[in-house]
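Presented sequentially are two complexes of subunit A, the first with subunit B as partner and the second with subunit C.
Moving on to the complex of A and B:
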């Protein structure tokens, strides 16, 4: 029987090998790893460094520079609320406060039951139907308090 | 005769329930045994009417909106298949005043065609620009683009033709076309709409650019926040390869060109062109010092054209109808059309493509219809998080690169965010500094440190601690950031801050707590 970490390593190596031939492969590899595991397992970073012949520090630097990459799994759902100006103009700040209150977590936090992670996002390109949000892959426009309460209840089911 | 219904697949429409409307419509078509099909088009850009359903009739397309899934059955009962009247009936789409007043050149097909039908694209004048380009020499193509007066629509406003000429004249074993689709400015969604609504026009524009400068490979660098745009773009690229538009022989010519979509990872600064190139190469999105220019040493050190989506998507119409046609629109040194994105607290929010020169007041009051909340407009931020806040007193400013610069603002990527009178401009100034602090790449000190100090100064100001001193420090800090930063992130953050301070001084002077007279 394979241990969990060997399993992660072998799946990661498969992804790295498949993408390392691209020009500038590092971001595509990190994206694919996150798609595969839901986060970028820290033990895969040295594997990337070795395959691309760059330093571990370089890989660590890239991994930590970008807001999207996680070093641990998110909740079962991820709720992203837009915090940018167009959404602010339509009451986004009050909704954001309400969301934190409803879920009992702050930005980047995950509820204790692992149901949902709350993330700020700076613009979803839905500025003409603000305030906007994204629940997993679903985009939501003209979000209001009532809808937010429904979401907060739904994600915990 | 099969009836054709249109239900947009644009993210804005999806965010308002378009998928559910399409599902309900399909179910009704099946139950009623109608001879009808649904096309998932792009958006026409009238977001207050989304999801907007259209139907083809002998007189033209009739629109209904905003349609909820629960409206579908009643719409069909009222004869929607023949364009029948219903409270949501909007009449002929093309006659809607919001559309009828526009000059759609770049967005000519957006919302009309099936975004992933190459036949539809061809039937609506698609590929004519590329076909014309193939009859010209590279230098002639570049001359056409230069002559058109097209300037960078990402915000910098640099003449596109000059950039192309530099790359054409630079030798390199490999050259690249990089499309900057990292549309991170709040209030902007034109790039997203093109990628979701008419991806082939971007493919065509990039291919023309490749032929013009001798590049064989193109990258579209877009945002992870745009999953639908990524999906449509990838689908369209595959269709373009199968249709012989991309590949070893572009439309049967001797030119080779192919494009790949690359996705960012949530870093606003990667919209800056050199940070974008770093990111594409697989590094942190750290801004590069210029020179060397990307045109000389860009992606992987090779000569690179890096243009915004809208700049590239405007090229096909220029090559199709000619530079003089395009140049005829606009004012001063701002030629052609600009897709205005009217957003935020506005009644009629959406995309409005028009020749340069409309005044800010016409855009916000006449086209946008004022605020959605019905309260008075207090400020309009033009050009994203790095753009200035304009008060009503400056509503006579014409939409033009130079006119906005003259008023200490910028048009940026042409996004306008409207705020009503409930907005606190001190809070907005703080947000500008905070955003810069979150997104700074960290390379240069004025941006990295200045933005954090800026938040602190604004906080002291709001606590009413020596306000005169804080305003002096804030002004000085903005001056340092403006002139000392390496790129527009630190360099332009002073625009929202200083415009807020200059035009709305009352918000920076919290009313002193009244001291009771003894």
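Moving on to the complex of A and C:
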């Protein structure tokens, strides 16, 4: 049986080899790795560097620049609450506090049962429907406390 | 004396020839098109405040301090990223700009410690300067908010704070002081080309990160120092500055490591060296450096340095410290006695490629005029003597054809038997810069050197040939070029002898030289060889750079000539961007050859048999020179074993460690009656010496070094010699003890004598060097400011000479007993036999020599990574630890020779170049097997070395 790390490496190399011919391949590779593993395993960064003939530092610089790339697995669901100005002005602060209270975690935290990860996000482009949130791939407008409670319950099912 | 201040123009120089004029703060200034407004301002004497700009790297526009206003345009653009244009009217200091700048500075300072008084950069901090320049008086934001400065806030750990990284032995990284200007990241990328640094995170979380948030020493960093030089604050600071304080005066001098010959400012506090900073006006390095020149100077004050002369009767005795007078008298008496007893030719001398031209000149003068024979040789014998022979035969001069700037105009670079990123790092950085701009690279090397593939550099072709087959491969490239009609007929007809070319062309065209025919012996894929040849012939300006992997072979001279043939056949000689460029190993190996260190040549490569040349020296020196060449180093050792050579003066060379077949060298030295070693340390050769004369470092003397581009660079004395005398003074005193009556009071007088006697140096004076910074020989009436590029209108010898280059396999062959081929090389952090670098903290990167072996060969022998292995050749055996890698092909093993305990030369054989006796270090047939530890020879050797290094305690008169 293959050890977990060789398994990650070989799956990662497969993805990298498939995408490295693209123009500007670094971001697509990182996306694909995150889709594959749910996060970008740190040990895959040197593999990307090697394949693209760039330095480890460069891959690290790009990887850490984007908040959406994770270096460890998230919960089964990811709840993003918009923290930008428009949403704040529409009561986003109170919702944010409520969300943390309901889930019992702070920003970037994951509930102990692994159900959900809470993330702040700076603008989902839904200012007209503020306050806004995003659960996994679905955006939610005009969020209120009640909806938030529903979401909190739903994600833990 | 004061600190040499270099103007920072903020952005690099524009190379455009079109000039434009604009007005900056009322000053009209004319600059080349493409110049930034920042640089134009500086040229007009107007300093625009700046933090993220520095002229070693491209403009970045991140600090928002260098903003300006332009009449007729909106906004406040950054002067670093805005190009100057004809007729612009620029204001650098308006109320609006002042307010913006002050606001920006407030933000910077709100996240920066206010410990200026105790900060290492105090007095040399651009942030401090800019706070002063913009008139910062208070910071409205306070210091309590989010910050990277304090480890704790209200007893709670501050997540943003990062501890100081002190892992690099030479500099520290203190993230708390970082303003994230990215200058270090850009210097690492643009100047050094390593890409070891990045900015991690974004926004306020941004921090400089070596590698993937690693310590500097664990990251890809090669410790070249470019980031430290670029840092405007104390974030990246030399540990020496932290320890000593800011320097107060400086002098420009030349690095004493490799043949690149980088210019440095030696920054001093009194007689203490605070740091070496690469000098931007240095024409070889253009402001860049490597870990050796920048940081590894600690050997100069190492406790191992011997400061008093010493004598002993027998090499088994302990050393006895004596006065200089006693030492000189002893040597003079011994040398005269030996000559009386065994004949005039029974003694000789070896000049040093690490000493100055002037010192080398004096040693050969001592031998020729004082000893009355021509038994003088130099370490170039074991490295680039084939270059001298090969290039002289084909072109007419014994030196490279270009300056280093030439690489900026090259389209195709071919590297043969050289590893520039390790051996000549500053040149490698300049080369990589060119490669990133699109030049193509061909690497001919048995080993996959870093240049074959490393971040942002990838060779178009790598020909991993079997060691010892250079001639076959290069001749085969010529075969492709000639048979496919890719040669440059016009160039050849104009510049070379057409008949000779035709003869050569017929020779290389024969089918036995085709890539397909030589594959069997070279192991090179014929299709790739063809591609490489086509690329070199048709890719534009083609330049060949080569190193000891070409010369240190039984056919070293032949390969040099094959390379010259290739350059001539493709018309790649006599202009920028082309040429044949030997990468010289040591700082002054070119100079030591120029100065007449070879037994058959007087200064300027004039043969000793030439009466008119001898006449010049006969008259000046008042002697009658012998007209026959003297003994080469290997001949001296042979003669010593035979009993006819008994005394030698060796200046600054460790022949026991660096010359091939250690046991033979040891036997030769042991057979002599007076071995005089003049060196910094009790080196390996000194184990066999009877007299030890302490040497001085390059920091302790005036003189000149000549680098691989024939550039004569000044070496300037910045501290008094710890041993009391510069090496040239010691040689002069020794000569005088032998009755020669020399009276040089300064090395400039020695250079004057060189100029007087040597046509290619006729125009060289210290005044000229001080004025020009450096000059490249020939420097005479025809070229009063020197010659950057040679053979422009015709070859030095008249017509370029094509020479048939028949491949003859070396006698050193693999067989059942010795199935592997060993080749040797060096590593970035260490230099040559390591006498200097092993006495610095560079050992952090390379504490021992390792044997690189391919996994296939290792597995067959049951060797695991890190195991002790025994390596055996026909000449001897030694042990070291294995490193399993795919950098070498199966059948080839590789090691470095920096550590005396390894004694790689115990196994190298005494085969040598047919023309020049340059030893065949690069090919030895060996067997490798598992081992338990050091060999008997190593144990014996260590014991002998320990015994022979004893120094007798000085007895008090009372006892």
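Observations, loosely collected:
To be clear about the criterion, the second predicted complex is superposed on the first by the 157 of 157 C-alpha atoms of A that agree within 3 Å, B and C clash if a C-alpha of one lies under 4 Å from a C-alpha of the other, contacts with A are read in each partner's own complex, and residues count from 1 in each chain.
Going forward, a contact is a pair of C-beta atoms (placed from the backbone, for glycine too) under 8 Å apart; a residue touches a chain by one contact, two chains touch by 3 or more.
Since this is a predicted model, take the numbers as computed values, not measurements.
Of the two partner chains placed by the overlay, only subunit C lies in contact with A:57; subunit B stays clear of it. Look at A:25: by the touch rule set out above, it reaches subunit B but stays clear of subunit C. By the touch criterion stated above, A:49 is placed in contact with subunit C alone, subunit B being left untouched. By the document's definition of touching, of the two partners only subunit B reaches A:85; subunit C does not.
In the superposed model, A:13 lies in contact with neither subunit B nor subunit C. Measured by the number of subunit A residues touched, the leading partner among subunit B and subunit C is B.
When both complexes are overlaid on chain A, the residue A:65 reaches subunit B and subunit C alike. In the superposition on chain A, A:115 makes contact with neither subunit B nor subunit C. Where the contact sets of subunit A with subunit B and with subunit C meet, they give residues 58, 61, 65-67. Residues 11-12, 14-16, 47-48, 50, 183-189, 191-192, 224-229, 262-268, 279-285, 300, 341-346, 349-351, 372, 381, 385, 415, 417-420, 423, 428, 431, 435, 438-439 of subunit B touch subunit A in their complex.
Here subunit A touches subunit C in the complex through residues 42, 45-46, 49, 53-61, 64-67, going by the rule given at the top.
For subunit C in complex with subunit A, the residues that touch the partner chain are 194-202, 209-213, 219-220, 453-458.
Subunit A makes touch with subunit B in their complex at residues 23-28, 30-31, 52, 58, 61-62, 65-69, 82, 84-90, 121-130, 132, 134, 137, 139-142.
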